[in-house]
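Two complexes follow with chain A in common, the first pairing it with chain B and the second with chain C.
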Partner chain A sequence: MPDNPSLNQSLEANKKLLKQAFATHRGMIFRELTIPAPGGQTRTALLVFAEAETDNMRLDTFVVRPLLEGDSPGYIGGSLAPSPVPMKKLNDAIGFVTRGKVLFQVEGTTEMFAVEVSNLPHRQIGMPETESGINGPKEAFTEHLIINLTQMRRRLPGKFLKIESLFIGTEAKLEAVIIYVEGKPTQTMIDTIRQRLNKVTQDGVQDVTELAEAVADAPLTLFPSIMLSERPDLVCHYLMGGRIAVMVENSPRALVVPAVANDFFTSSDDWYEWRPFVAFLRALRYLAFLIAVPLPALYVSVTTYHLQALPTQLTLSLLAQREGAPLPPPIEALVMTLIFEILREAGIRLPRTIGPTVSIVGGLVIGEAAIRSGITSPAMVLVVSATAVATFSLPSTTLANAATYTRFVVLALASTFGFFGLLLGYLLVITILASTTSLGVPYETPFFPLRPKFLPVSFGVQPRPPKSTGGTPSPKKTNQAEDYQEG
Partner chain B sequence: MPMKKWEISSLQAGWLIAGTVALTGHALAVTLFMRAGGRDTWLAGILAMPFGALGLWSIAKLANIFPGKTIVEYLPKIFGYAGYPLAWIYPLFYLTTVVFTLRMTTDWLVDSILPETPSWVMSLLYMLVVLYCTWGGLDVLARVNQFILPLLTMLGLTVSFGTIGSKDYKLLLPMFEFGLGPVIAVTVMGLGDLGEMSVAAAFSAYVRPKDRPKLSKAFLYALIYEVITLTGPIAGSISTLGYRVARAMPYPTFQHWLMVSFARFFERTDLLVVHQWLAGAYVRTGLFLLMSSDGFTRLTGTRQHLKWIMTGLGLLAVLLGEVAFPNKPVFDAFIGYVYLPAAAILGIVLPPVFLVVAYLRGMHRQNKGWSPGA
Partner chain C sequence: MRHSKLVAVLLMAFVLSGCWSRRELTEVSFAGIMGIDWVDGQYLVTINVLSPRRGGGGGGGSEGVGTNVSGVWTVSQQAAALDEAVGRIDQILSRSLTLAHVRSIIYGEEMARHGIGPTVDYLLRSVEVRPTVWMGVTNGLARDLMTARTRQEGALSEGPLGYHDAAKRRSSVSPSIHLAEMANILQEEGISLTLPVFRLANRETPKPDGEKSPDPEAPKEIIFGGSGVFRDDKLVAWLSPDETMGQLWVKGHIVHGVISAPCKDPDRRAVFRLRKGKGDVKIKLVQGKLVGEVHIKAIADLNELNCREPGLTEEGAVGLSDLLRKKVEQQISAALKVAQKNGADFLGFGQELYRRDPKMFRKHQATWAKELTTMPITIHVDAKVPRQGQMGPRFHWSQTTPPPPP
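And now, the complex of A and B:
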């Protein structure tokens, strides 16, 4: 038997195929109905559905009753019922049934149809967990794609919200949607996303994050080039800014591209805060990043190779603190940074009620004990703590992770070559940033290449746009993504 | 490597040449400038500026006559077979620039901050990072430069204003005290410095077609920037130290950093010079390595192996740097007698000749978008 046989066969042949396919499935119902045929005759109709995933009321209203009343199989239930979709291949049929649709075929025909009668169990709309904020809406996506799309449509009513559906995978196909606002992203961007998603052959995708590598310009980039959001309001903001969102079934998050570096310094509250304050916070986060990456490396390079760069009093104080320390500064910095990372990981993995306590208490106790026992110097604890605080202030966890990896690389270079190594690390990071693109948009836009008109937005200081007069935004004026790519 | 990765805007082109050659006047050739010009050294950039403008204007016009063609491609078009030997000179010049910039940078690092580290180790590491950048194409290098150049300028301005109390601008006067000889000598060197800009500007083929008409303007801004950044630090050194002391120092422009302090506590800001030098040399080395590899691969028809050839040339530059330039007197002799005159010829004397010949041969008519006044 071929892998994916055709379903354009007699009722008996299709029934046999489906029986074989669902032999190991529990809860599949094969029901045969005797329905009226033209000329006062009767004939058999076969219904196949999954017991747990099907809404019996809908099944009865949209399929069973119309068939018993003699409706045509291709137009059952009248105009209010979901349209029957003809099934061509066995794998498609299996996929539809497992998603709560009912398959049916009437004796004497060679077409099998599917109708939407699902009642899939799903979580109710809840509060955002990873992007919680003080201001703004409090709704988050769920694992139910239809509900997620409803939330989006409610926020962006009108004809300009476009939702394209496609199926990813080879055997167990899952529905994915590409969402954008008409006229905002370039057609090239939309086509690129579609092509990349169509190339996904992975079956059983459980979360949209699994598509990140497929959607990204380069699968292995140090800095994140794709945004993930669990908040429909934020995704709508991004869509209005010319971005494209991708969602899949069973995933409570949306993937948003293109994403530039500045997006990862934006917190969910930034959209609803007083704008000048947002600008201040954004600048603080950039500063935090500039501390989080090079600070341990700078400390090590100065204390190991370039003590002359420090004021004499500070040098004497540092040397006195390090008196008797068993480890040289590079190893000391490495050990302390690793301990901090372990504490951070422990804080994340532990239950939310005790996680932060363990991190803080662990940090305090270990730091204090390390200083008292002379294993490390107070200056080193100060440096590692400042680094930790700076890392925590980054709003994006993916950016914080990137900062962590980069810190280790720069620390290794500075430990080996002092300030020269530190600067090599700095040049390397700049080059990586300059090489990164997201859907063709340079990662450091609007700074490099310079886009003066986007700078105020990047710092959150742009005045609020005038009230909309309604209608579809003009593509000419809002094609921001194209502007991003201009030189 | 896709051509899209090489396309840059006219703005990026201007920034690139400004960022690329600043190191020559600030560090690599400053001792020679001071020795040649004495007190009048600060006039070098200003007097050489019109000639520099001519060279850059010619390169910008040639880019419009031969759209999308690099200098090694259009020279044979202008001169026929006679253009090929000339075309080979440019990639060789670029490679030479990479070699001596690299060696001089690491030599300075050994002298100033890492006396026990072998220079070849630093050269190799530095080159690997440069190669990582150049593998990304001209576009990546241009964006790196757009990050680095403002920072370099800001730090330069900081030191300039931070030492303003120590400066006595009367030390710049009187001009021409020792006659025209020193002024002419240093202006010729200035021609070399600004000529380097035109040589570097030969990447104009990769400027986006819609931006090519704006190239002349972008290059003019770059030239003004370069003249300011050449004149400023030299004038600063003379007005701070006096021309006799400044002339005796290996790197007088960097002595300023020793005079800057923050809050009377951090008094050794000279470590920041390492940033200035390394960041400036990074873009310079990267650009000349890119253009050298581009030129050689185009001349030999091996463009498909660009990355490998680029890597090979980079590693060759590390090796040649160790062998060809054993010490500073050799550097100075090379820069003074070979490099700067060659840069002046290749960047200022020859491009107008190329332009005139191309014009006389009617090549400008083949491209409708170009006119002599454009």
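And now, the complex of A and C:
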């Protein structure tokens, strides 16, 4: 038997094929109906559907009753409300049945049709959990692709929202969609995304994040070059700014490319806040990042190598605290930072009722006890806490993760080489940032390469243009960086 | 090429610094103040080693968290060279000494009279001593000043530093000068150095029999004010706080402070708070002779007026500014007198001449100190008292002479 045999056969042959294919499938129903045929005769119709995924009412209304009432199988467009789709290949048919469609064939024909009667269980639209904000819409994506697309269409009505569908995977093909606004991203970008998705060979993609490596310019980058969002309103904002979104079925998030560094300092509320205040918040987040990465390293450098760098009062205050501390600063910093990471890891997955307990035990009890027993100095605890708070203030968790492992690298360098090591760490980070691209757009756009036009927008200070001047698509540009627009 | 760059970076990493050159906070003694004396033909170096309060912070208990300086340990060593003396102090201390946090360096009188040039050489060569260290001079041994117990601070660890800053902010009774500025002045043509003065005075405590006499055991006062005048690198004279103000007027360094001018009745005063002072020195050639001019602009507010004299009321700003003008003129001429008497050109007439006409300055350079002593100098003061400081209804009183005692 060929891998993917044709279904253009007689009813009996198809039935046999499907029986074989579903031999070990629980809950597949093969039902034969005797339906009237022209000339007062009767003939058999075969219905194949999955018990759990099918809505019995719809099955009855749209398929069984019309067939029993004598509609011929050539009635396409007749009383079967969801149009039947002719099935050519066995594998396609299997995919349709398992998604809740019903297959039917009438005796004497060689065509099998699929009709949408599914009733897939799915979650209702809920509140965004990882991107909660104070202002703006409160809807989040669900695991149901159709519902997700509905949410998008509702927000961007009109023909300019383009949704391309394709199936990824070799065996278990799952639907993925490429969403963009017509005329905003360049055709090259759209083609690149399509090519990259078509190359995905992984079967059974469960979440859009699994596609991140395939969609990114380089599979492993230190800093995130792909944005993920669970908020349809944000994705629509990004689409209007010329980005491309990718969604797959069963995933409650959309993947947005290209994404540059500045996007990861943007929070969902930035779109709905008073703009000057957004500029302040944005600057604050940049500052938080500058604290989150090098602070422990800076502390170690200053207390170990560069004793003259601090004011005398502060030096003496630090000295007073460090008197009798058993561990040298580099080890102390490493241990404390690690403990903090463990605490964070412990807190993330705990139920909400236990979470605060861990924070209290970890933060207060362990911290206080460590200081009292003289194992660590209050300054070190302060440094680690400030680092932690700065990390938490970053709006993107992927960016926070990047900050975490960069922090360890910089700490190691600073512990070994002092300020020189710190500088080396900075150079390393800047080099990595400068060499990262997202769909061909340099990661540090609009700062490097400088795009003065987008700078104010990046800091959220420029008021949004009041009205679009018309539907003229932007002219074709040569430089990929020019394609970047603030989301 | 790529590899060679990597190798270069790694090489730098290992050559520039590294684990072996680390000095941890707890392995270091921090010097706070440094005193330099000249005793028996040798340098006597005194260092106040700052130590944080024991038991604070990591040592145990949260009550010590964030405590600052309290204890100071003073160490002195004598040697033929400064670095040698510092090295001997380092040998005494359990932790290695660093001069990176020295905030003030004070010369003893003998040292200052002997010449401070060689010490500047050492201080500028040291990689640890900051160029922004405050400099000062005292009228005895710097060591005595540094071991003194004062009432305000636990010790002299932070005191002089506070005084230095206060000199600029608060009182204008003393110049304040950094090491780098001092080194510049010492090398510059036509200007002499002045350093702020710290004096140690025994506090007079009343004895049971009512007499007042110095008590050696009592806490001492450190009096800050006035300045030491140098010719080249040697101390030649002292300026009183009033004379110092005269100097600061001319240099334009008067910022804040209080100036007290006598009324016609010499026991009564008009007191002004300074708001702005501007000074300018000019030198001219009049009939083949060099003539100096000092131009001052002084603006002050009336703070206190305890005399009532005709033409001297709150409305009579003219009378008030006359008082201020006279006082400023008097301060400046007193400073000038010291400068001329000692041939120490700390007001910068020579510098002004050098800037105007370097060739002419060269002609006079050799005999400048002598010429200064006879050079005619005129003082022009433009004084204003724009505010009399009365906000509410005026308070009336009349000046009467107290009745004679019965």
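To be clear about the criterion, the second predicted complex is superposed on the first by the 440 of 487 C-alpha atoms of A that agree within 3 Å, B and C clash if a C-alpha of one lies under 4 Å from a C-alpha of the other, contacts with A are read in each partner's own complex, and residues count from 1 in each chain.
Rule of thumb we're sticking to: a residue touches a chain if its C-beta (ideal position, glycine included) is under 8 Å from a C-beta of that chain, and two chains touch if they have at least 3 such contacts.
As the structure is a prediction and not an experimental result, all values here were calculated from the model.
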> Are chain B and chain C a fit on chain A, or do they clash, once the structures share the same frame?
Replying inline: clash
> Is A:R322 contacted by the first partner chain B, the second partner chain C, both or neither?
Replying inline: second
> Taking the superposition as given, does A:K173 touch the first partner, chain B, the second, chain C, both, or neither?
Replying inline: neither
> Who touches more of chain A, chain B or chain C?
Replying inline: C
>> Contacts for A:K101 in the overlay, against chain B (first) and chain C (second): which applies, first, second, both or neither?
In response: neither
> Of the partners chain B and chain C, which touch A:R231 in the superposed model: first, second, both, neither?
Replying inline: neither
> Taking the superposition as given, does A:L450 touch the first partner, chain B, the second, chain C, both, or neither?
Replying inline: first
>> Per the contact definition in the header, classify A:A434: touching chain B only (first), chain C only (second), both, or neither.
In response: first
> Touch check for A:L424: first (chain B), second (chain C), both, or neither?
Replying inline: both
>> Quick one: is A:T303 in contact with chain B, with chain C, with both, or with neither? Answer first, second, both or neither.
In response: second
>> Can you check which stretch of chain B gets into chain C in the overlay, out of 112-120, 184-192, 220-228 or 364-372?
In response: 112-120
>> Just to be sure I follow: which residues of chain A are touched by chain B in one complex and then by chain C in the other one?
In response: 305, 308, 417-420, 424
> For chain A, which residues count as touching chain C in their complex?
Replying inline: 303-305, 307-308, 312-313, 315-325, 328-329, 368, 371-372, 374, 376-379, 416-421, 424
> Which chain C residues qualify as touching chain A in the complex?
Replying inline: 9, 12-13, 16-19, 21-26, 28, 30, 32, 50, 52-54, 56-62, 64-69, 98, 100-101, 103, 128, 130
> Which residues of chain B touch chain A in their complex?
Replying inline: 7-12, 109, 113-114, 117, 122, 125-126, 129, 132-133, 136, 140-141, 143-144, 146-148, 208, 211, 265-268, 270-271, 274-275, 278-279, 282
>> Which stretch or stretches of chain A touch chain B in the complex?
In response: 305-306, 308-311, 417-420, 423-424, 426-428, 430-431, 433-435, 442, 444, 447-450, 486-487
